Amino acid sequence: MTNHDTTTHEEHAHGHRVVSWQTQLAVLAILLFFTFTTVLFYNAESWVENAFDIHLPWWINVIGAMSIATVKALLVCMFFMGLRYDKALNTFALLFCLFCVGLFLGITMIDLETRDRIYTWKEGEVALGGTGKGLDTPSVDARFDSSPAPTFNTAGLGIVEFRRAQGLEEAGSELAFWTDHYHHHAEHQHAADINNFFTQLGYDHHLALPDANQAVPRIGLTAGLFSAVDPTETHNTHAADDAAHQPAAEDAGH
Amino acid sequence: MSSTDHAHHEGESYFDGPPGVLSKVWQWMSTVDHKKIGVMYLVAVLFMFFLGGVSALAVRYELLDPVRTVETMNEAGEMIQYTTGERLAGLTNIMGAKNANEVYNRIFTLHGAIMVFMFIIPSIPASLGNFFLPIMLGAKDVAFPRLNLLSWYIYVIGCLFGVFSILLGGVDTGWTFYTPYSTTTDADHWRVVLMILAAFILGFSSILTGMNFVVTVHKLRAPGMGWFDMPLFIWGVYATAIIQVLATPVVGITLLLLVFERVMHIGIFDPSMGGDPVLYQHFFWFYSHPVVYVMILPGMGIVSELLAVHSRKHIFGYRAIAFSSLGIAAVSFLVWGHHIFTAMGELAAVLFSGLTFLVAIPTAIKVFNWIATLYKGSIAINTPMLYGLIFLFTFSIGGLTGLPLATLATDLHLHDTYYVVAHFHYTMMGGTVMAFMGGLHHWWPKMFGKMYSEKGAMTGTVLVFIGFNLTFFTQFFLGTQGMPRRYANYVDEFQTLHMISTYGSWILLLGFLVHLGTFIVSLIAGDKAPPNPWGGLTLEWETESPPIEHNFHHEPIVTHGPYDFDKVVPPHWDPKDYPLPENPSSH
Amino acid sequence: MNTPTLASANMPFFQKMIFGDHGASEAAAWSDGLFMMITWFSAFFFVLLMGLMVAFVIIYRRRPGVPAKPSPSHNLNIEILWTVIPSASMLVMFVLGVRGYAMKMVAPDAAMELKVDAWKWAWKVTYPNGASSPETNFLSFESNMAQLEAGSTDPWMETKGLEYPVFYVPEDTAVSLRMNSQDVIHSFWIPEFRTKMDVIPNRYTGYAFHTPKLRDSDSVLDTSSMMQIPGRDMWIFCAEYCGDEHSRMAATLRVVPQETYDAKIKEWGQDKDPVVLGESLYKTMCKICHSVDGTPGTGPTWSSGNGFGFGYEAALANGQSVMRDDNYYRESILDPNAKVVSGFVPSMPAFQGQLSEDEIHGLIMYIQSLSDRNPNASESGEDNQQADDSAGSEG
Amino acid sequence: MQTTLDADTTPAPAHIANHPTHWRNRPFAAHFRTRDDDFDASKFGMWLFLTTEVLLFAGIFCAYAVFRMMYPEAWSNGSHHLDWRFGAGNTVVLLVSSWTAASAVRCAQLNKQKWLKINLIITLICAALFLFIKFKFEYSVKLGDGKAPGTFFSYAFAESPYEILWWSLYYMGTGLHALHVVIGGCLLGWVLYRSWKYQAYGPTEYLMVENSALYWHIVDLIWIFLFPLLYLIH
């Protein structure tokens, strides 16, 4: 049986390459290393911006993360999926599919990006949902309720604005609303800062810069869209922000 | 080709089953034989064609005259109000619609959805392709026979979803499901979701069939059959299958997002939440434009077969036709934007206009080659050939009328008008359906072992040709003169053209009924078909009519090309029917 | 009847057969020319190919006992030729197409900008001075023939739902459109200008055209003065499928002399009696869904009777009921989905930001005037009370 | 060398070795000429299927790219609601599982029945771990906060009106991916079951292992891109 087994295998190995365990392990190690690298890159970038008050352009962030992801994907395809040892046809199928993905993404974005090339007024949102704001979640009877999702009347608002208005109403005042927010939700809101390696080492340097072009955003980036309160400009909420920030960071730290 | 010796043991044809109705039914329902699955597809697809055809006739019937609501004085001096021309108003209550317009909207949507998703996409590849692709390759079956059966079942389940949605009243979104209309209309009912899911499920069937065919062509060609020894039908189906595999998943995710959009307003395509309705159109047409080539490429393949076999002539420019199939498949992924010219940015519109013209080039090459094939042939005028010639006629019109649609300046006028409707029907019906009918007649003796009445079939063909042109040629003028599509009602001055169009649809119906009758008579009382009634040289003519269980008695070995009529005597040669070439060795 | 016509004389036969009339602007005429060029090009090749096909079929038809002669199976030169010729012609079409596209899309600097709003199922054009046209035309899908069939001699036989707004534009002027939809996608098509563009909810789209000079024969009926005035009517159609009344989402574009246009715009900008204002708004914006004579439509009728109308209780879809008063109508205009009447689907777009206070007031006044519980009516309270009772017992 | 050393030399019990499902007893599909043809065809078919998976997710990636371009502030706000530690943890889990899946193929090729099973079990544990992290630490917390897709959204503190799109795409992308994790887990579970019960896979018959592993790798591949797009890019 052993004999038979070995011969079968050798014949077989002739046609289909068996990848050695050393190679596989090495590939895993490289993949884990790249995962670490990309996380480090992300953290370093956030930290650099915070610590030195620099606005890194957005593409550094994108290019860094995506090129590492591409290398990782390449490794998985070549070694784990065996394309390196496989028939070229399979690689060709994958490449042609990626070509189609590229076309799909590329040309769709060309259209959506260049609507304003002749008239700038063609580019943007007229208003959320157009001038009609027809968010169709009216409060109607069961006959019209075909969706499992909650139906409610947003009174012409978008859902996000509607929920904010609701929250404000429940909190009673703007200050209570934001205090509540920074006490209970700080860990989510400040994930970038709290979870930063460097921040945890003690380099805490919180900035509030409403600039859409910076790589790391801050609270209130689009606060102007809401009439309720603009935390980047309101001194009170800043205080609440900083006060809430420290204990949250400690919580996350341990 | 291979030597098929007549001394072989008598094989059973593929549809000789066990005795007993139940066991026969079970045998068909559980079969993995590509021929049975092909026939099952044929039946299902023709049923869907019937449903889609009925809704088309209803659409034309409604448009026979414009709706006129008139308030006037009667003899007694009372003001009376009456409405004429709402011919489908009787269906309002039956369909649970709000008014006669909605009935019309639902019916044209059903026509589009059924014809596109349930008839024309699977029509040729899944029925004739399934039946003949392995035989023409000299294989015993497709690469994954069980997957093949699965994709039939998925197709049937998808159709059932669609039919169920129709029974619940139908949907009025248009087959394109454009947002935000499709996410807000009929908010009181699940049937729109059902129809979207039907298209989603049918997509799976399409993907599996495509995968199966690509692998079959790659791995199961008979010994001696190189890539350029494949019949052109195979090339067409192969190019189709590639598109099916690569384009369909995108519509899968699109429809999935649309379902979630409808049931919980995720907002991707919903402008009221910041989404972009034109993004939906990009998503949708990235699939649905390539899919029109899924519809037409196998038809082009069939026409290549018909013209070569029935004029006993080597197809002109074999490689040009084969490569243009692949070329069309490749370019089809670049041109979806011409469906969105009136909604997209100017730069992208110019880009897409240029790319769209690229498609015309391989298509033109094909047409030139087909015409050149006829040169110095020995042309038989029978039903399949007639359909081949009709294809050339109607498809040329369809293709040429596409030029003003690719040209930006003229498209702004013609977009979303009856001109587009006419163009689309000239390519899809005048192209695919004519090729499908031609292929069906061409291979009918092979599939069912019975000859059909040539007289009956010819009558049907002529009626279909006349009816088709009456129905759709008028619509070009409607479009250029200002008739928008999807209108339940129209300006009076269009009435004459609409009437001609509707009368044409009745002739078309008559033609298809004659065909149906001919086929039924053939099945019941047709003469037994010889193995090679047309003198074809491809492998399907080397086996019995109908083929035996595993297609061939011996694995065929290919020794000549599929169209070497001037070199080779076809198998099962009948000298009365097929005189030898004067100089067989001249090539 | 001054239904816009798409037909005119003095055109080449085929062009007349295809388009019915000259394109009304230079860009339109140019694209017609391009279309005809492509059509003649196509016709040439079509006739050539079909001629060859028929000739081959006849010449090389199968004759018993006569086999086909061997012939070449490919010819590189001829194949290159018939690849290059279509490619080159298509390049020409592409370039000309882009040029015509630019003519239709790019407005001259001095163009008059009109704001177009669309919703299910009506158009509204707002002029630079903020006015919008209150005028409607007895445009109809109904023809003289239908009148004759009905045996009517009344030239003003009114037909239901067949009034469409009339948008005035001055002759010989560049006009640029800035369009936005309030609900679903529509498409603003003026066939005579040979151009259309989708009207999309969340962004502006638009195109431009140059209105033609009026010809001596151009004359239309001004429904506000009931006089024939110089002018030319053109259809506006919605070309993107938008629902039930898609096929009735039409309007008239009326090209008039500059002075007529100026006078009209000035008149519309002035204050009006609220009820008259409301009625004109009704005819241009609301009529497609709401009737004023009790006939059922997409939305509830505004006339009283059967529990509808001002001053009557409305049963809502959520089981509650509400009195149809000023506030109710105001809310329903601005936020239609807040209270949906039982039996109707919530499909009305919100008109918040679309109507001025005066216009909302005018609409409510008009709605009141349609009710037998009109609080402004001069009848005594007793009559109203009686009407209440009868309505109550019926309901 | 190591191949013979590590190979499973213990003979299988007779009832397994003689079972028609045992890898030695499995014929290839009759319509192919050789076993290699059958294998290559099936693998090519699998690759075609994988391309469809890639294109399926292309829709999500395209929507992501488009809305990131249109509403950069919503996207950066959204991504800061996600904690990279869970994303990175899940990446590690999936990479390890991908490695064990690849090892499982190697073990089948070399007839190492025991290690085949161990590798498959580790892969399945990783799949479960991935889903556990996803649902326990991410979905449930976020849904609890009201950061839900569509009309389920009830989070009062969103910074941009378009953040709801971010959450919709987050749930569509990761949800669809989680669905693929489940499907891949089922495939590998089926392989494990047959391997356990019949020793169904060995040097001549490991196609099912290979194809399931390929599917699992594509799940991993998609996550390799989803992770930076959702958690790191901002």
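Structure notes:
Here the chain labels run A, B, C and D in written order, and each chain numbers its own residues starting at 1.
Assume a contact is a pair of C-beta atoms (placed from the backbone, for glycine too) under 8 Å apart; a residue touches a chain by one contact, two chains touch by 3 or more.
Quick caveat: nothing in here was measured; it's all calculated off a predicted structure.
Between the contact lists of subunit B and subunit D, the overlap consists of A. Under the contact definition stated at the top, the chains bordering both subunit C and subunit D are A, B.
Averaging the CA coordinates per chain and comparing them to the mean over all protein CA atoms picks out B as nearest.
Relative to the C-alpha centre of subunit D, the farthest chain centre belongs to C.
Between subunit B and subunit C the centroid-to-centroid distance comes to 35 Å (mean Cα coordinates, whole Å). Separation between the centroids of subunit A and subunit D, computed from CA atoms only, is 21 Å. Subunit A and subunit B, compared by their mean Cα positions, are separated by 43 Å. Residue positions 184, 187-188, 218, 246-247, 250, 264-265, 271-274, 276, 278-279, 282-283, 346 of subunit B each touch two or more of the other chains. Across the assembly, subunit A contributes 89, 96-97, 100, 104, 108, 112-113, 115, 118, 122, 125, 128-130, 132-134, 136-137, 143-144, 147, 149, 158-159 as residues in contact with two or more other chains. Residue positions of subunit C touching 2 or more other chains, listed in rising order: 105, 183, 200-202, 205, 345-346. Contacting chain pairs (ordered by label): A-B, A-C, A-D, B-C, B-D. On the side of subunit C, the complex with subunit A involves touching residues 105-106, 117, 119, 178, 180-183, 200-206, 317-319, 334-335, 337-338, 340, 342, 345-346, 349-350, 352-354.
Those residues of subunit D that touch subunit A in the complex are listed here as 2-4, 7, 9, 11, 36, 39-40, 43-44, 47-48, 50-51, 54-55, 58, 61-62, 65-66, 69-70, 72-74, 76-77, 80-85, 88, 91-92, 95-96, 98-99, 101-103, 105-106, 109-111, 145-146, 150-164, 203-204, 213-214, 217-218, 220-221, 224-225, 227-229, 232-234. Taken in their complex, subunit B has these residues touching subunit A: 183-184, 187-190, 193, 218, 246-247, 250, 262-265, 270-274, 276, 278-279, 282-283, 286, 333-334, 337, 340, 344-348, 351-352. Residues of subunit B touching subunit D in their complex: 139-141, 143-145, 147, 207, 210-212, 214-215, 218-220, 245-250, 252-254, 256-257, 260, 264-268, 273-276, 279, 282-283, 550. The residues of subunit A lying in touch with subunit B in their complex are 89, 96-97, 100, 103-104, 107-108, 110-118, 122, 125, 128-130, 132-137, 143-144, 146-149, 158-159.
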